[in-house]
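The following blocks contain the structures, represented as structure tokens.
In the two complexes that follow, chain A is the common piece, with chain B as its partner first and chain C second.
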Partner chain A sequence: MKKRGSRRGKSKELLPSSIENLKTNLQEAMHNNPDFQMQEFETGSQRMLVFYISIIVKKQQLNNHILTPLLEGDKQWTSEKLSNALPLGNSVAQTKMEEIVDALIMGSVGIYIENETELLTYPIPDQQKRQVDKSDKESTVLGPQDSFTESLTTNINLVRWRVNTGDLVTEKMIIGERVPTEIRLMYLKSLANKEDVQTMRQRLQDLVVDRIEDATPLTYYIEDSSTSIFPQFYQTELPSRFSYSLTKGRVGVLVDKSPTGIMAPTSLFSFFESTEDVYMRWNVGSFIRILRFFALIISALLTPAYVAAITFHYEVIPTPLLTTLGSSRAAVPFPPVFEALLLELLIELLREAGARLPTKVGQTIGIVGGIVVGQAAVAAGLTSNILIIVVAISALASFTAPSYLIGSTIRVIRFPLILMSGILGLIGIMASICFLIIHLLKITSLGRPYLLPMYPFVGKDFSKTFYRLPYYFNFKRSYSYKPQDMIRFPKKKSRKMKDIDE
Partner chain B sequence: MKRLILVSIFLLLSAGCAPAYPIERLGIINTIGVDSDNEDSQALNTTYVYFQFDPNAKNINEIISSKAKTLKGAREKANVKSNFQLVPGKLRVLMMGRPLAEKGVASILDTLVRDAKITDTMFLAVADQAAGDVLHEVFQRSTTNVGNHLYQLIDTNVDQEILIRTTLRDFMHKYYDIGSDPVLPLISVVEHMPSIERMALFRDETYAGDISIEEGFFIKLLSGRYQSGRIELSLPIEEFENIRQKDTDQREEESLFLSLSELRSHNSIKLVSKEELRFQSDIKVQARLLEISEQLELDKEEVVKKLEKAIEKDINRQINQLLDKFRELKVDPIGFGSIYNAKHPTTQEEWRNLLPEMKLDLNLNVNIIRQGIID
Partner chain C sequence: MNPTNLTIKPTMRIKAFYLFFIMTSIQTGSGIMGVPRYIYMQSKQDAWISVLIAGVLVHIVLAAMFAILNHYENTDILGVQTDLFGKWIGKLLGTIYIIYFFFVLLSVTMDYIQVVQTFIFPRLSAWVLASVLVLLIVYAVMSGLRVAVGITFIFFFLSLWLLVFLYKSVTYMEITHFQPFLSASPLELLQGARHTSYSYLGMEILFFIYPFISNKEKAKLATHLGLGMTTFLILLVTVISIGYFSPGELPEQIWPVLVLFKIVEYSVVGRFDVLVVTEWMMVILPNMILLAWMISHITKRLYHVQQRKVLMVVAILLLIGAGITKHEYFILQFINGVAASGFWIAFVYPIILLPMVWLKGKWKKSKKAGAKT
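Let's turn to the complex of A and B:
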């Protein structure tokens, strides 16, 4: 066990004790918390103490299920009798002050009958949580709309409800030295690759940190390469996506107080997959998925290519385009790199302002920034109108990625690319791309290559990553991540059509 | 970290290595006209048509002339007259004046081939007067975009298989090949607009003579293949006198005109006899008959057969006429020499002397596959 803070230093015999003694001890241990309440009762000849932190327990439950049975009809109580009699299941017998305090903080009610050797706590926490809501970060048109909330119990509920099989394992872990947070490691026992599960478990267990802010920062602690700009664990707020990955043999992590589920291992390409592709017909889904890959290339390379062509390689521009490009560039006083960076920066400013402002103001800002500033910039001769189109298309393309994290990664990558293209032209772009590819080849996700199934080459998995095939071809799971059970359904049966019931 | 800093410093320094060509400062040459100078026979008069991106200029085309001993030198001189940097990266057409072409063009084309910035797929053409005059006249008198116009004029006609493809690469290929000579379009100015009126035949690098566009058709028929060509023929009417439907047509004509389109051809030439210098060519032609000046009963098979025979005869006659012309000029645009050379290695001079004795047996097979849709 890990040591947790300085709070739990001394440990002397606490119980049995008198009510007065316990009261002072508790008061001291709770640092005179004004919300800490202790009520003394007398039933028959017994004195008992009921204590709790008033604002994090359910008052109604306390009254109906604890106090009422406790005080009804002058019974003689012992701790044992009490734990059998009260209609709340999970009572815990406590003897140590630290554990009592932990339980109280988690929303338990403590009951102590004078001179008993142990004390009972009943968890009746009153957690404030929002309703399960529609996802707005990863919205889909088809399929389930619900999203994770900040409450771990709700989130587990949502996943368990979807993956309602006994095979689903949820391992509980507590992370955080100063502020402990509950974490659940989830996977399908008979499917998930054991190595993956073990790696994930190990990383979580070995993590020593004072506090984790959210699921996203947690991934930064445990991912393979912290210096990389690429996210190595998939993060989603869609329970449907989370359970989909679990049933594909991946490992999932849910964090209390966070509306984000973490999934691993993952590849670069899975950031461009959406659950919607699965709900679509295979051919439509393929088209949309390939479109997203094109969008990735466009958003990373279109502006740099423009800068390179305008600055260095006028030969590659087709003649009809050359004349329009040239005349729109002629009035601009800046070099093309500077012009492109200026506009890219404008778009990033707009995006950031739109994200920070309230929705209603955000829309206005979008219109003002996009239309008014864009028009004015061209009219003032600060930028060429073709560059506006180029920058707008690449910004638009970067938003097609279903994962917000990878979208922002690409937007950031664009800036060094533009600089390189402005310095060295196409050679600069090529050098940057080579650098990126080498980097991508080097990084891993939970020990598995990041560019699977492209490198190492697993051709059989292409239909799961780059495009999709009709359902009867997908009778096997992905080879790349080596699940324990490869077969999804028998191949022969899938081709049989039952037209007429005989 | 140290390495990273080193790399970035290196990158920043190497930025000076790549010469920048920001398009707003460039005069992008799209057409060059080259002529020999009248007084100084060694000098070249060069005319450049280029795009310039001046926000205040009405026309993005500009024209400039200079005189120098070499093509590169001429560009340097022209640069002095222009406030834009003249660059040849998008050069599409090189037009050579006829006087220059008569002297030989290899030395000019050679520098173009060596220059990596110049595309090998640019078109070459010969002007029937001084090339500079053609460019100047068209530039001043017509509203069209000269550079683009010339390029598109040649390009569309090549695409439609009216012209033989005459890029720099094709020219140099034929020039260096033993026993084959290049052909270029011959451009004249008709009503201030450039127009391809004839085709120029070259003997090696020098202009040897010209033929009409219609005659040019047979060069490709013999040396290449048509995907969708077209030809207009006139046949003597006497042969069709008995099958001609006179009642609908009162006109009296001497010839029967017809037009074949969507013409596909396939051709193979073999050297049959070295001693006699006899070649044999098997040409298969499939075409659609869309226009004919007389009413014939085309749904009858024997009429079509007769028509096909007459077409074969006429094409045969025209090809032989053309070959006579080639023999007389001692040019070989079809490339009989390279077929000969493949079997019996020879030299350019030897072949030139052999050329007039060359004979060709033609096996022409014309097949009219459609006559259009008639209700």
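Let's turn to the complex of A and C:
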């Protein structure tokens, strides 16, 4: 704040002054803004000035709660009396021009009574915001459907109501040198690991940047490894997911003007967790979670494995299957790598086009692209229909990840994998897998290993990460992230086994 | 400051639990692919007894290693050697370790490249495979011991499933291949035991990794269990190989363990051994990474050179060494040479070293007592 103040550089004593003087000073400070309005009133023997930027204040509030009481019944006003009399809260007494301008920009109304030593500002900002809506990026079948909006107050409101305990801390910070953005660091005071909170706070405080565009770019500024392709902070637009993480002892960050909440620390596996698994019965939830891990493997490895087998290792394919594959590939003039890359590219094009186009057109494009082009490509002998199945399955599998970010990471990883399998066959795939695992072992999230609880090995947390168990096994929080309080609820005394017919 | 003892930062320490995986992974690598043949050539159908004998002897060596290390507060073999023989001989012995580990690393790399060339890509240049492996090693060792141990740990589980597919060859085993029982002479049995040494190489890593262990009281159990796991694996493949291959066939197979998987066939997978050879990369990579880490670590300890630079030099030498060798016969001879020298360095040396450490300790004590009175 100080820095921006000094840029305008006004050091002369501003108040008290005459209305005319103040008017010219204000007009100059606001750079003759056409939306800046100043109204002069006279009550009794006093002259007063009411000024504001007309398009960012609530007109109705201004009329009902400021102008009406102010002008009713010819009273004698002083600044002190005024701040007591007006029914609007948090009036601020200002003396410096820079602060007045800052307040005006944030949607305040200024009132000055002639010859007083200070003027009052009342914040009545009129922020345009979207209604709380159903989430469409991370949709769930069960559980809460609401999603974050672009308004920080709404988002905090959503989280506060979910985690309605005095333990929830929201630390306010301002980031951005040129365009300041408010952010909130949120965590549960008696639960979150203090080291994690401190690391996150430190990273946010140390960040010097002219402006943050959104929560997502913010993570790129503060994450552990910028070169990695893997996201290291979890980003969600679901307040339920956000609150769920908070109650598990994680640290959350909300950014003004952004519909995304950031959570840290996180592991690779939490990107395959959905809050829905918690709402499901434990056995069904486990099944779905394991299914997602399978989907990860399929989407990354199916096409490369196909390419490797068709290019180099026919002997791995049993003879009956080989004849099927051979007849389907008989007319295709390209090498398998090229064929696979072509089709993968087609799928990516469809996905990207589908994301950009309006919903109604998007469906049409999906049909035209997927069915018509696919069919035609096979009929024309450009690709084999088995490869189309393979590519479609792996594309489908990549969309099962509950986090859009990790889904796109996997889709990108597939291309180098296909290339490697085209060059070195199975050995190339294996080398790439080894490389990926080494890479995953190297990266951290907020200083904690990315592959927790797999390495470092925390066997007790497996039931929270890879599968789920009935609730009475989960009476402890995860060891991996060292929350301050391990116990969720007292362990039930083991029930004595009843004999049959007892 | 006592130069013998090492202080390791708490963040760089690892738990004793991982010693199990380190031990098993560094020993199970290229050696186990061919070990049944070597033992069989010495002690025929009693090869499995040789394995058991070797297992017991190796456990004794390990106990000796622990005795040496526990004699000091927190040190590795380099500190022990400096303490016993002085600075210069200590450095010389350390350098021998460096060269030896490099040759082990080179032999593992050459062996795997040869396996891949034999089973999958007969015409693929060794340079290509060597550079892929070297790149992976460099990338992993760059992040230090913790990542190296992590790779060991995860790859252990990712390759463990291979054991399941030995079931098919188990069903084809012939009990008559083991008869007549105990026909080998004790000397032949010991000769057979000695030929397992290449598969047991790598247990010297304890000498270097010990200072990094955070809970030393559990180290013994984990390490002995790891060694037991290796013995079990060697025993398993030896028994299956003897039972599966006919007596005349086993000495003909350079990698009998890989051939064991050839019989496995499913409606979706034809030649299973191709997958096994591919998967074997996950078996040998931890091996190579730990060896490369040790080389860089020892060089830093001895000569205060940056580990990064050492690693680069090792990578280049390894690439050249693995790239230019082509002849199968030379590779076999090289591996035999490494195995022979490894026998002395890994198994005989600790046994010789132990009495010296004890004597030195006694001498020191009496000197101290003498000084007091």
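Criterion: the second predicted complex is superposed on the first by the 484 of 502 C-alpha atoms of A that agree within 3 Å, B and C clash if a C-alpha of one lies under 4 Å from a C-alpha of the other, contacts with A are read in each partner's own complex, and residues count from 1 in each chain.
Please note the rule applied: a contact is a pair of C-beta atoms (placed from the backbone, for glycine too) under 8 Å apart; a residue touches a chain by one contact, two chains touch by 3 or more.
None of the values given here were measured: they were computed from a predicted structure.
Enquirer: Just chain B (first), just chain C (second), both, or neither: which does A:Leu291 touch?
Expert: neither
Enquirer: Now for A:Leu424: first (chain B), second (chain C), both, or neither, which partner does it touch?
Expert: After superposition on chain A, A:Leu424 lies in contact with both partners, chain B and chain C.
Enquirer: For A:Ile437 in the superposed arrangement: first (chain B), second (chain C), both or neither?
Expert: The answer is second: A:Ile437 touches chain C but not chain B.
Enquirer: For A:Ala376, using the defined touch cut-off, is the partner it touches chain B, chain C, both, or neither? Pick first, second, both or neither.
Expert: So A:Ala376 meets neither chain B nor chain C here.
Enquirer: Once the shared chain is lined up, is A:Thr319 touching chain B (first), chain C (second), both, or neither of them?
Expert: Touch status of A:Thr319: both partners.
Enquirer: After lining up the shared chain so the two structures overlap, which partner does A:Met486 touch, if you call chain B first and chain C second: first, second, both or neither?
Expert: neither
Enquirer: May I ask you to decide whether A:Val179 touches chain B, chain C, both, or neither, giving the answer as first, second, both or neither?
Expert: A:Val179: touches no partner chain.
Enquirer: Please name the chain, chain B or chain C, that touches the greater number of residues in chain A.
Expert: The larger set of chain A residues in touch belongs to C.
Enquirer: Tell me the contact category for A:Ala331 with respect to chain B and chain C: first, second, both or neither.
Expert: A:Ala331 contacts chain B only, not chain C.
Enquirer: Can you list the residues of chain A that touch chain B in one structure and chain C in the other?
Expert: Dual-contact residues (chain A): 312-313, 315, 317, 319, 322, 424-425, 427.
Enquirer: Residues of chain A touching chain B in their complex?
Expert: Its residues touching chain B are 310-315, 317, 319, 322-323, 325-327, 329-332, 335-336, 420, 423-425, 427.
Enquirer: So in the complex, the part of chain C that touches chain A is made up of which residues?
Expert: For this pair, the touching residues of chain C are 15, 17, 116, 120-121, 124, 128-129, 132-133, 136, 139-140, 143, 147, 150-151, 153-155, 158, 265-271, 274-275, 278-279, 281-282, 285.
Enquirer: Give every residue of chain B touching chain A within the complex, in rising order.
Expert: My answer: residues 11-12, 14-15, 18-24, 26, 28, 30, 51, 53-55, 60, 87, 89-90, 92, 117, 119, 148, 151.
Enquirer: Note which residues of chain A are touching chain C in the complex, please.
Expert: The touching residues are 312-313, 315-322, 424-431, 434-435, 437-439, 441-442, 449, 451, 454-457.
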